[in-house]
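In order of appearance the chains are A, B and C, and numbering begins at 1 in each one.
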């Protein structure tokens, strides 16, 4: 088709604000979101929340097709994007066995993406390799949304984490946010910390010494002028935390199994922990959890981790509507 | 969200009849269906059959989302629920590789279900473990439909079996229903027998001695006052059967392969068998079949096993509409 | 149901033209398409292209369900049919793990197809065995579309190839079409050559001697009076080619690895090749490619292989609409 014979200059710089912000753009990492962008996304996501509460689904993206291209399985993320598209009246092409198929025949990611965009209007990509989403976006004419590129980013997770704080507490400024667990390898923690640099917050990092936040992330906090403290003991900071963000300490991160065994139980949140927390603290977890938060906590009104999943739906609905120019 | 901060008492006792029966309820086992309930379900299922015949699909559940959560593959059941939801204008989140994903990371069934209900309006669960559906339902705020929990139940199969009899013969009362094959391990046979206790029927059980109906099921028949006979020879009861329900004799059920070989061919239905059956007998099979019914029988008008699949579609449409309060 | 009790005579001979051509018919192989049929299909496919350009999707098949039954994975073909159905407002039952499920329990293809047609309105079948689609169609009451039956046919691929030529150059008559690569085993090449027999074309076949076009296909060309030439050197025919159709030389086709190594690089298309081609030549490839066409060629306006994927969408939309009587 004629339009393929041109080289379109779709990739406007992120700062270049248009009538419909994010229309036609890729969502690759949290670095592309300034505070005003976050405000835009959360405004739309909040509207999505209200529409879902009122009517469940609506036809904003009727006739649009999402290609859900997952090179590694992620039930939660794939289901969330599927539901987001379906609640907006759109359709989904699910591709979760890509490793058995064309790719097994040696097809490159750019070719796969350029094929899929012949069928779909937007591509959600999950891939084990750092930079895969950026590479896909470089070749695609249609918007690409990064749903995790290995050790790279998972920006919709970070956005939903921040949106959860925003919706649960009504604001982000002025809060003390504590992050707990594996802060060295935890991708979600790094991304959320980066996003929080856009706000007036204080951060607390609680981890075993061997799993402290990387220097690189701390340098970014310093540059943004964010006040933060590190400690090994949750009780040092529990009472002052408005948000407690718990992550898993993954066995596979340890060379030394004895070290893992000594550390794994140290940061389990239970009713006793909650009794010492602020009465309106928000307890978050990216899930899946494997014992980091006891089930007895689930009925506590402060336990926000399942609501967090629901907020993720609204954030993904917002992003899909925005990149397709319908919000 | 506020509603999460309450502990809703959604699980009303089954006997507690409301305006819209089954609205918001789980479908876990055949034990929850009294005769009036079956009448309700079959009434709606019959309407579904007529609507599909007339218009193919319609928008009764437009905007609703079904999460098809399959921990073990079952093409037939998954496809049937997918079609049921789509013919009602709703959408589906297909989750068939759950074992590769979050669950492989150790997530519990309650957590998976509580995540999925953030995205979906109803959850269909297939799981290899006894009691899995009941456990899921205990934690879920949204309705859970049991699509088979290992050695447990598969209630929509039993309902479609009974609905098949009802639609093919116009009634259930007064019939003689014969069940053939592996009656010891055959879950479908046990569930159908239990449902038939609500009607005025006579039952005949035909199996090798080693695969007879368990005492537990017979005790339930006795308690319900159902007249039944057991035999090893189909010809003892073929001529008096209004329904012949054939099941597979699965090789993997036998410790002794020689015994399997001696038994497996004994209950094959072919044209000769059919020549000795009633002219309006209904021949059923839950499928897949592997030789229990010869293909030469397929053109016999009494061969109902493919229609049985179609009735399954209508029963599942009915249940989805009912638990979502639209029927 | 009553209609099952009849043996319908749905399979009218292909030549028997009705009001709505292909309504209720199976799409099994290219042999069933006469030139007038191709004209019909391409007319509808062209309309689909214009509708998609104008409105993206529309509700021509709203309420219809496609069962995408894939016994072997093919991301590209499955995605294309999914998108085709969704852009027409219909729904899809995706079945890509069929080998783990009922079939693993030994169910026959006819039984699987007769079950699925209880749920769906049309069945797309991909199967590794020659003749599988024809066998499925023999038993199915609903239309079956062959999406590849192993060494057999993949007619929608051949139709999209021909449609690409038709749309890119406005005509097929009078063209010189060159096919390059593995012409011995390349199923797409054989099918396209057969379809081209309906037109006034000249063909050129470029391959290593060991991978020449089979005698059987050449006999068909002879019978149709098609003029063709064979050569090992692309440059012999490059300058006169209106279409250059490149295929992969698959390693697994060679008994002798040394032979593979000597041959594999011989037919790589790069910018230098393109500089010697006609200024409006159409460069095609069924994809996936693994080095047969250098990425530097992708920006050349003559590179049509990604547009080819898009034409595939329109052809599949056309076929679905036609067999379901809506075009």
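The rule we apply is simple: a residue touches a chain if its C-beta (ideal position, glycine included) is under 8 Å from a C-beta of that chain, and two chains touch if they have at least 3 such contacts.
Everything numeric here is computed off the predicted structure, so don't read it as measured data.
J.: Could you say what rotation angle superposes subunit B on its sequence twin subunit C, using C-alpha positions and rounding to the nearest 5°?
T.: 120
J.: Interface overlap for subunit A and subunit C, more than half of numbers shared or less than half: same or different?
T.: Under half shared, hence different.
J.: So how far apart, in whole Å, are subunit A and subunit C when each is placed at the average of its C-alpha atoms?
T.: So the centre of subunit A lies 40 Å away from the centre of subunit C.
J.: Enumerate the residues of subunit B that touch no fewer than two other chains.
T.: 94
J.: For subunit A, which residues are in contact with subunit C within the complex?
T.: These residues of subunit A touch subunit C: 1, 4-5, 7, 62-65, 67, 91, 93-95, 97-98, 100-103, 105-107, 110-112, 114-116, 118-121.
J.: With touch defined as at the start, can you tell me which subunit A residues reach subunit B in the complex?
T.: 53, 55-58, 73-76, 79-80, 82-83, 86-87, 89, 94, 96, 287-290, 295, 299, 301, 306-307, 309-310, 312-313
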